[in-house]
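Accompanying notes for the structure given below.
We call the chains A, B and C, going by the order they appear; numbering starts again at 1 in every chain.
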Amino acid sequence: MEINVLTITILYIIGISAEGMTGALAAGRHKMDLFGVIFIALVTAIGGGSIRDVLLGHYPLTWVKHPEYIILICFCALVATKIPRIVTQLERLFLTLDAIGLVVFSILGAQIAIDQNHGFIIAIAGAVITGVFGGILRDILCARIPLVFQKEIYAGIAIIAGAIYYTLVIWLEFNTLICTLATLFIGVIARLLAIKYQWSLPIFSYNEEK
Amino acid sequence: MEINVLTITILYIIGISAEGMTGALAAGRHKMDLFGVIFIALVTAIGGGSIRDVLLGHYPLTWVKHPEYIILICFCALVATKIPRIVTQLERLFLTLDAIGLVVFSILGAQIAIDQNHGFIIAIAGAVITGVFGGILRDILCARIPLVFQKEIYAGIAIIAGAIYYTLVIWLEFNTLICTLATLFIGVIARLLAIKYQWSLPIFSYNEEK
Amino acid sequence: MEINVLTITILYIIGISAEGMTGALAAGRHKMDLFGVIFIALVTAIGGGSIRDVLLGHYPLTWVKHPEYIILICFCALVATKIPRIVTQLERLFLTLDAIGLVVFSILGAQIAIDQNHGFIIAIAGAVITGVFGGILRDILCARIPLVFQKEIYAGIAIIAGAIYYTLVIWLEFNTLICTLATLFIGVIARLLAIKYQWSLPIFSYNEEK
């Protein structure tokens, strides 16, 4: 159990660091000042978990309990503004870190729903909200339609990760560490394949004049 | 009392189904993928109630307690993407269902405020938040100024419904079922008249250079 | 202590009145109807405090406990729509009232974090969220990138106010009234100087094609 918590914590730190840096770059594309950059980095990294906790009544929020994560994300955002080109050139690395973040966030969301004795559907809802809401808030603050609604299967990975994790933990009753690692492995591979082959959900376009 | 709960539940299910379908069509007008369509349908149908519950500290949220509503709305959203033209042609039917949803949401919001021993103003606030916030969130996610701020009297119906319901329940101490049906009757008629005669609130336009 | 609460309450009322009026004018620039104007005035004035309370699990929210503030803000919004030109001509007065509001909101946010036994970082987070989130929500509802991310040092004042207040209250253990007045004095002066000399944070603009 201890080693599972340690693993999840390390992966979570990797995830929020990567999300903070990519959030900062998104802010840079909209010519924001230092506060805007840091704010959007924070929202991207910990916004999804905050929304999940508020909706599920799960207090205190992670960053309220661990303010050191705020400092870490501010630091990552500042680093990203200093070396934007390097971050962009390391695109593959960041896509992988982002994939890890997405799946770890999903696992955490599902686990919190499980801790609250919710069933399969709310576990998946917890996974999706944690995984994608940070990006949705980032895009709302940049006044654009959220990318996750239009891009390669991103939310789908959160749904799959939540479903696999719940199945392994609750129905197959595996050891939590094994569940975490198995979900992580499948989720990250699926995400990277989705990017490589540009898998996407069907687009629903409806434009009839009303 | 039992029959009142049953009535409200049936009307609530009609309301979220209609909101889910129209939310899905709104997403289709912005070329979103399947996840975007379902997400926006969910936000439109249950976003208002979620915001109300979070602001009033009313846990657990309805959809957390009844995940079957999530399934229902997903199903309605998918149906709407298959038959968008039919939904559009049934415009009158959907406007009526939407009007029922608006008034039922308002009644539920006012009732929850009453259950928490709040007074007239918070009952109306609960009605308005439940009634219109779903549409506001839908429009924010579509990156446009919320329609309810610019269209025919919509929020006004939620205010009137909340005020009538509070008056009947608290000041006149009528039977709850009677209060529900009377509010529903007046609210839906008022909404349909507002659409027919395009009643609207005065627009405040202010453009002086600052 | 009593006099401190009175002072804070009076300043808070000044703050929400000014925010309500400027929020209403912002709505007027986007041609909204009466409901939109009042809704945006309310969100601008009490949205930041609401988000803070929800994130910190601090119930009931201020306006739920004191619905009379809702009436006050509605009234201020209506007044602003009647005399928009006068409000604009009194720009200096309103900038000063807005500065007072910003600093008082920040003090309240920091104080609530302190009441909950949080440390320095969460006190500053409470100050910033209370001080700037109203304006952020207003701009999201007007479908534009939040001004606080691009303008003269605004959020910076909330951070400074939170830091000074926390230092005076917790580390130097001054009398609360003195802490409030000292923070208010420094914060408002700093804000007015920031406007006068157009102090701003460095802009991070990053536009390399991805």
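Quick note on the criterion: a contact is a pair of C-beta atoms (placed from the backbone, for glycine too) under 8 Å apart; a residue touches a chain by one contact, two chains touch by 3 or more.
Keep in mind the model is a prediction, meaning the values are calculated, not measured.
Interface subunit A/subunit C: under half of the residue numbers present appear on both copies, so the contact uses mostly different residues. Note: Cα superposition of subunit A onto subunit B, rotation of 120 degrees, nearest 5. Averaged C-alpha coordinates give centres for subunit A and subunit C that are 30 Å from one another.
Within subunit A, residues 54, 140, 143 each touch two or more of the remaining chains. Contact residues of subunit A toward subunit C in the complex are 24-25, 27-37, 39-40, 50, 54, 59-61, 63-64, 67, 70-71, 81, 84-85, 88, 91, 140-143.
Here subunit A touches subunit B in the complex through residues 54-57, 118-119, 121-122, 125, 136, 140, 143-146, 148-151, 153-156, 200-208, 210, going by the rule given at the top.
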